[in-house]
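Mind having a look at this structure? Questions to follow.
For clarity, chains are labelled A, B, C and D in written order, and residue numbers in each chain start from 1.
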């Protein structure tokens, strides 16, 4: 983070990410209802909820991809448009044409383009950075392969590497684990944990409760409204989950045990 | 033959022929549009030139049936190539269409030029076949058009279920044992027949237009295939009748293009005014969503302070914060409330003439607006409770303008706490 | 060069091709002679076509990967109203005002298509179809209504005539350069400069417009730039070589290049190269068969695309056939090696044979059918590659390397049988066929994992030894 | 000469060297006659009549080709570059080619014959444009002979006398033809002397020989007719009792067919009077290879169709 570029308005620094009274509607149907959420400090933050709960809409709203019916969202106390270079985004995999003729390295290099701006081309610094980022996600050996020839997990890791190359302060990932093999999932989580350790905020839309309990520091449980937010163990309680997933979840007990087990070890 | 007063024989023939093409093209074209192959018909139309030239070379004659036969074979071959390219190469649909179009038309030009340059008798002007002469339809043309159109429509109606399935989800159709390729080819052949039959009557561009514009317009009005087909057909038919009538009314207005322009006008109306997908409807919806919501919140915020009234920027800060978009929504809502008379200057004498957007003076809620604000806050609290405790109910019944939950659930448990 | 009176020279070379047209050498020679004839007249036409092709292929590469291939076709029709209005406003066909009108109409088309998509959610192809047919119809109506005031062929205004390009020249430094060539070259230079300058942003936006927008790439400006470039390249192309050819040149080279290469930064030069080559070959072919050059170039482009579909190194039909055939060949070779290994095994430890025979009767695995033709060829290949050897005075036998490979195949086979026997509850005599197939697919770590799970004791359900990993 | 002044591109020179090495022995050149390129078959005939056997006349758009739908081939470029004189019809008949020809004039003499006719004798179609189909008015067409004669004389001064002789003879023949045509057409009763054709190529013919001329399409063959135009013609044909309409060699007959059907529906049978030569002459063996023959053929066709039998009142 670069505090000099973003002087705090009043005393304490503004929160990294803040949702204020956010309501989003598709047509007349609200998908998000009065969301108030503040993430003050760097952490590995999970956005959890059942299918259709509005998880992806939440981050899309933050990135200005869907219009708000009401409320406001700020990064570093400022609107997203003013700080977009400091936010790295990993979209859902379906949004991309995998036949597109680019290699893994090309995709990662794209992360440096916004910084380069018009009329400048990536130089050796950018190339080195791209190589490093690919290596961090364990893909150094497929750097020259066309993007469509990678497995789902590898494609997701390439996207992650692209966000890394952006050298952002906040990373937003939309369902990065969908259609991803166990090895890739593990690796992605490790990279995210490293980012958190380096003082970045990482916001992940996620659907798997078990790995959520294992990896996230803090989570927001979303089901149209914000059901609960806070440290993972406090939020993923049987009661909260029961309320959110009401009858949709058979693994509740198992999950309860997982959370309890984690609570003991930490 | 009895003629309606004032309508000439030629007008009737042209109306009949073009209307038949318009209706059938709309119906057949619907699947092309749904399958994202709207311009396949265009490719087929351009490919016919090569077919015409080859038919002439093979037979040495230029009778219409011979040339039509060649054109039909070429159109089917071109569309077959389109389907084939999709299967054997990883070229995208749009590129495949453009390739088939460009190359087959180029081949046609090369053949026609070669024929002309060699001075083969009767070979000149073969490409006139591609030009439309809608005004010059004869009764035989109209019969052919009507017959082919009827067959095409019947085939589509008979295979409606299969065509819908294959267009919507080819993977599922294939997995459940439907012959996707066969259905695909059948649809494509129908388009080819429509194009070839329509060509001499209408010309390449008009045929393309009739295959594309009415279905796209119809799509704006409905989300169901069984409704879309007759609607598209109806639009095509209406364009034909109105276009022909216009062309008959004034001299020197080419018939075919007028039909296209009428279809385009229908499309434009659909684009803007269709009830749900229309541009106006969407925009109004978006505005309404923002407006209803923000007005409610402004009212609720304004109801809170008592006594001296409130300053505009106080409410703005509470409702919208510093976000520019939120400020814009707030401005709209504020203005609307002032217009409605819900917000009134607290001390008119002190603030001078009413200044709706003015930031200076203090404001207060009218008595009626106080009631509204209280009602809105009550409903808001009620829905909050429902969203929290019974999310499934909220999901089915909650809309952005906050209907009174009491009228929906008739269930005392959801009555808001007072 | 010696100045030969043009007429004589031309007559001679003309006769040359007429004397013995069947002789292939003469055909090539007369085609090459073309390039110099009449002061390089055909050379200039070809050069013009090549420059247009290069520009169109460059822009077309982006259109193809962004699924906007049909823009060229759309523009070729939609420029009509622009041209007509420009002529009505006093422009001369081929003059600057008409060019401006055409570009403006082209921009209206692409703008309409985009508005229909972004504001109305109408698919790109359908929106294109709506936009260009409407504009074209508008143009025709204006022409027919104003036919008495202007003499304008809807078809011929936009068709430059490539063959006649060399007759319309301007002198530059003493060289008569065709006007169309100059225009096309200028446009090409502009396009190349723009492409180099905005390359990274173009690529990002084309690949993933949403992510690009989120990351701060001015996606709208980038796309608008591409569309302006398309309109420019297309209209300049119409003026030089005609509409049909531009439609084909925009898309076919790019689509072919995409089949051959998997990187955009290679795709563009390959497309340009292909477009230029097609321009040259197509023009010469048109001369040879006395027909329209634009048509022939389009046909050559089509043939090139067909060749790319068949011959592309990774995705081509041939490559796919070969990789399928290559796998079959490997199966044959591995089966030969395994057969010999099992023969050696039987000689080494006859007990294995008995154990198997005592189980469930005959074992198809080790029954050796007489070698077929394919097997004999495979033996020769294996011998040549050193996996079989033929010691003096003896028959063929496994070499050390061949023995290792054979052991791996047999190991895969028997491990799989063991795994199936344990997990799938398959009768013993049904174990063989799946194993016979899977033995060619298993990798080393899979084998190790199966071994750890099912056969640490080192024998298969038939009681035979599973060879260790080599 | 076209490219005498132009330099050859470098790569063309390289190609020449390669070719020079490969080039087989060739036949010795024979003395060549000046080549003249005419754009249409009508103009080609004019040049042949004046040039006689002192020039070789080539024709860009051969018999039966509608100038509006002409497409060039590389061989056409060869022929154009060989030509030492280009003769065009002019008045924008050649469309896009006309633009090109005007630029060509910088290096090769180009004569657009109809452009030289006095403006007051032309039929305007707009403020600046005139109907280009001047050739079926024989007297008017004779005005196109002198420009060709002068251009040929400039090209080949040695043959100037011959060209003058040919030209004078041709003009005399055209004037006689003019008289003959007028007399022949006068045999048609004036009320029925109406020529209905696919497109407007006979307005000069009509003016010269007192024939009322109506075309379904305008002067341009590629614009599309409107329904109102067809209806108007049907009305005209039926109400005037016109016995026959005509088709043209180089233009689609769809409009004429529709016209006949419409008239038949009004209870008036209209015959096809025959095929007229309009934008191009007949091919070899057609008996209408020259303008004179084509004009006479047209007149015979018209007279046969319109004069014979009794038309309904």
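Here is the rule we go by: a residue touches a chain if its C-beta (ideal position, glycine included) is under 8 Å from a C-beta of that chain, and two chains touch if they have at least 3 such contacts.
Predicted model only: the values in this text are computed from it and were never measured.
Kindly list the shared contact partners of chain A and chain C, in label order.
Touching chain A as well as chain C, we find B.
So, comparing C-alpha centroids, which chain is the farthest one from chain B?
The chain lying farthest from chain B is D.
Just how far, in Å, is the C-alpha centre of chain D from the one of chain B?
49
Measuring from the mean C-alpha position of chain B to the mean C-alpha position of chain C, what distance in angstrom results?
That gives a centre separation of 34 Å.
If you average the Cα atoms of chain A and of chain B to get two centres, how far apart are those centres in Å?
Comparing mean C-alpha positions, chain B is 36 Å from chain A.
Among the residues of chain D, pick out those that touch two or more other chains and give their numbers.
Residues 69, 71, 73, 75-76, 222-224, 226 of chain D each touch two or more of the other chains.
Two-or-more-chain contact residues of chain A, please, as numbers and ranges.
As it turns out, chain A has no residue touching two or more other chains.
Hunt down the residues of chain B that sit against at least two other chains at once, touch-wise.
Residues 90, 92, 109, 112-114, 117, 252-254, 256-258 of chain B each touch two or more of the other chains.
Connecting every touching chain pair, does the picture come out as line, ring, star, complete or other?
Here the contact pattern is something else, fitting no line, ring, star or complete shape.
Let me make sure I understand the interfaces: which chain pairs count as touching?
So, checking each combination of chains, I get A-B, A-C, B-C, B-D, C-D as the touching pairs.
Enumerate the contact residues on chain B facing chain A in the complex.
Residues in contact with chain A: 90, 92, 285-286, 288-290, 293-294, 297, 320-326, 329, 383-384, 387-388, 391-392, 394-395, 398-401.
Mind listing the chain A positions that touch chain C in their complex?
Listed in rising order, the residues of chain A that touch chain C are 63-65, 84-85, 87-89, 91, 95-97, 100-103, 106-107, 109-111, 113-114, 116, 118-122, 146, 149, 162, 166.
Taking the complex as given, what residues does chain C use to touch chain B?
Going through chain C, the ones touching chain B are 64, 67-70, 72-73, 77, 116, 119-130, 133-134, 136-138, 140-141, 143-145, 147-148, 244-245, 247-252, 254-255, 258-259, 286, 289-292, 294-299, 301-302, 305, 309, 315, 317.
Write out the stretch or stretches of chain D touching chain B in their complex.
Spelled out, the residues of chain D in touch with chain B are 62-66, 69-71, 73, 75-76, 216, 221-232, 234-235, 250-252, 254-255, 257-259, 261-262, 265-266, 283.
In their shared complex, at which residues does chain C touch chain D?
1, 3, 5-8, 10-12, 14-16, 19, 25-26, 28-29, 32-45, 47, 92-94, 140, 143-144, 147-157, 159-164, 166-169, 171, 174-176, 179, 283, 286-287, 290-293
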